[in-house]
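Common to both upcoming complexes is chain A, partnered first by chain B, then by chain C.
This part shows the complex of A and B:
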């Protein structure tokens, strides 16, 4: 489904990603874990097209999308729920969801997706006239994910969906991600909540200072010495 | 009714009439700023070009400015988006100083071109279909001013409707709010920038066409409006279309009424004083985001 091959990305000539390769097979949940500032968000941003590549390729279903503008990648099936959610806080929940479906023309299909999103997150239907910025952190995250789904993606990129929300909601969000995956959407998940991310991931990558240092199944990484020492407190 | 009250009311309403034109000019300027954080110093030149479009339509083919107005709007829309694609696109990520120099360069370019092509003379359109005066309730207004004000309301209303009610308008607002998030929605951000420049230039061009029936037309005419437009945009709140509309009316009233009460030489000083008060008391403007 997605193949990232040796990409390099920099911010004002300061390299942030050195030589990143990863792949997501159709139907997989793949996690990227690692401490702050290691390039996880930049990796997702590069896949979505928000950051230019200095080198390397991004292949989506046999097509090189690495030079396409972000909006073209949305059309091809990549949707991203960005770090910090980036909702339109002064627009209503309904308007945010509508914007999520911006690339889609068939209003009947969009209505179907909207019903699916409301089934996944009933609170969004109750709050659809409320301004996005006035909701709780957990509700905002649900809206961000719902908005991401409105594009009807093949591949959903999720950047720290458990950031800034109440612990009991984290479980709900992660369960929902599994449910979304079960409908056939491939998922690339960046999480700081390492134990839980590895628990739901089919495979995972560990990132350090702009490089992939480890790759394996979720279970393998949970048991790996490096991960135990560095992230799970021995 | 008391005669001096009549004069006061007349002056106040004259301020509202010119204020509506200021509002339209400022709506265009605030749109460009709101969507891409670039201050367009050449905005007055779009107005000037709108005036000349009216003038030449009238002088060459005897077409009334009111008739050519839709074409003027389209022409300026095309020019605005072309300028975005040819020039502005290259400086989006440039330092603010480069952006200022660039749009200031456009100002000089268009003024120079107008002087070169059309001579620095004052021109007027003398026999438009809108001329003469209208009297009611003891007050008297020029028909050109009334028509211009009505036109400004209509065009501002169309822009407002477009932003609030259409898919493209929503995309433009989303781009103004958060470019990366808009791009992730599948919105072509570059296209939105071009659209903002097109609409911004068209607003100024239409204002110029509306003015052309009663205001002299000359290459530097934009200078009369750009400073006021900046004050209006600041007063309304940078990027706020509704704010620019109300602020335009307020600026018009302050200018005309203040000029009447204190003497016309203080007109601009009063507008600038208003600007200082806004900056000190409410830097985000009337309807701006804090």
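This part shows the complex of A and C:
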């Protein structure tokens, strides 16, 4: 459903992504792994439309979306949960979720999605009147994912969902991602927590200095010599 | 406890309103009344600025352009067509909005201080254009006729009291619009855009559209203040209605009072005008140099010590007071039990 073809992105003329290609099939969980500063987040931002492409195409369901504004891509089914969560701190939990559904006009359908989000994360319903900025890291991550789901995406982009939350909660968050995927949402996940990301991914890409260096199923990559040496400590 | 506090706040507000309404009959002489009018004028502009600079977070240092457009549009319509300043005021607002949208479209692509710099440049260019435009009086300026006095013609030559109520009305209108924006869906879109622009974009909010909404309201209301200035002074020139120092002053009352808070700019206006009057008495004359030095000093002081301004300082004080009272009450209970 998503096809990224030979994209290049730079920050103020300094190249960050060189010739990146990847694909996500319908219903898949795909992970991008690799160390800090290798362009994983930039890849997601480029797909969401937050970074301009210097070259290449981004095709979503046979349509080139590479030049569209971010809000138009949300309408076509791409939703992003950004790195560091990026909640709206001075708004309540309920308002954050409401803004997640900004592009949708049918209020009955939005209400259905809201119920699904509350089923997935009951704590959000309890805290719906609380200001987002006053919640714990784990709760904020749940809210960030919930806000991403409110757009009713076909493809959910998750940037470092385990960032800054307690290890016990990481398991819960990753389980939830699998559960979201089971409802038919394709997932493209960026993670530093390589072992756990590969454990839930159907396929994965390894990125190094703005390039894809390896591709394979989660299991294949866990067993690959390169990954073992570079990331899993031999 | 909380209710008690809300009631106290409401009573203080009503008392303030009564005081402000009765003020023309409490002040001793015409110069004190004029001083009050000056405070309200800069407060009104500051509150209007705050819609764009505070709520939407787009710091403009060129609001004098809108002020000047308001003053020149109504004045020229009056001089050429004999149009009532009431209609001229609305026309001035309209022209200011068109100008704002034309500059907003390209400038909202710029971030942070680049946007601020662009607004300085645009206001400066407009001032130079008007200074060299003979039809608009050029550098000499325009004088308004004192043909029709009273509320119809918006010229009052006997007493300044009607001017006081007129600008008070404009200020309340501007505060009302800000209050509505703060309360409505626009208010929380603005908070989202200001705090997390990238996240706002990634949920699908078209940032430019809401920034344009903010600049529309802000420029329209600022231009109304410009028309008021023309009607009050009966003379306008580029230096008094379009100068960069006016732009800075408009931004400064909001920054000093507290960006993004409803009443902050009004507090800022009271304080800034008081400081200006004091230094004027101390250094003598109206040295423009000293004004600018004071503006610069205040900006540095606010930025370093209290970025949320007087309103933020007040909020913190109130918060601490509430906590203190609560603790006090709790310890009182412990003693009696």
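To be clear about the criterion, the second predicted complex is superposed on the first by the 234 of 234 C-alpha atoms of A that agree within 3 Å, B and C clash if a C-alpha of one lies under 4 Å from a C-alpha of the other, contacts with A are read in each partner's own complex, and residues count from 1 in each chain.
Operating definition for what follows: a contact is a pair of C-beta atoms (placed from the backbone, for glycine too) under 8 Å apart; a residue touches a chain by one contact, two chains touch by 3 or more.
Predicted model only: the values in this text are computed from it and were never measured.
In this superposed model built on chain A, chain B and chain C take up the same space, so to speak, and clash.
After overlaying the two complexes on the shared chain, residue contacts for A:74 are found with chain B and with chain C alike. Residue contacts after overlaying the shared chain place A:142 against neither chain B nor chain C.
Look at A:87: by the touch rule set out above, it reaches both chain B and chain C. In the superposed model, A:198 makes contact with neither chain B nor chain C. When the two structures are aligned on the shared chain, A:103 is found in touch with chain B and with chain C. In the superposition on chain A, A:60 makes contact with neither chain B nor chain C.
Within chain A, the residues touched by chain B in the first complex and by chain C in the second are 48-50, 69-71, 74-75, 79-80, 82, 86-91, 95, 99-100, 102-103, 147, 151. Those residues of chain A lying in contact with chain C across their complex are 48-50, 69-71, 74-75, 79-80, 82, 86-91, 95, 99-100, 102-103, 147, 150-151. Considering their complex, residues 167, 170-171, 173-174, 177-178, 180-190 of chain B touch chain A. Residues of chain A touching chain B in their complex: 48-50, 69-71, 74-75, 79-80, 82, 86-91, 95, 98-100, 102-103, 147-148, 151.
By the touch criterion stated above, chain C contacts chain A in their complex at residues 188-189, 191-192, 195-196, 198-206.
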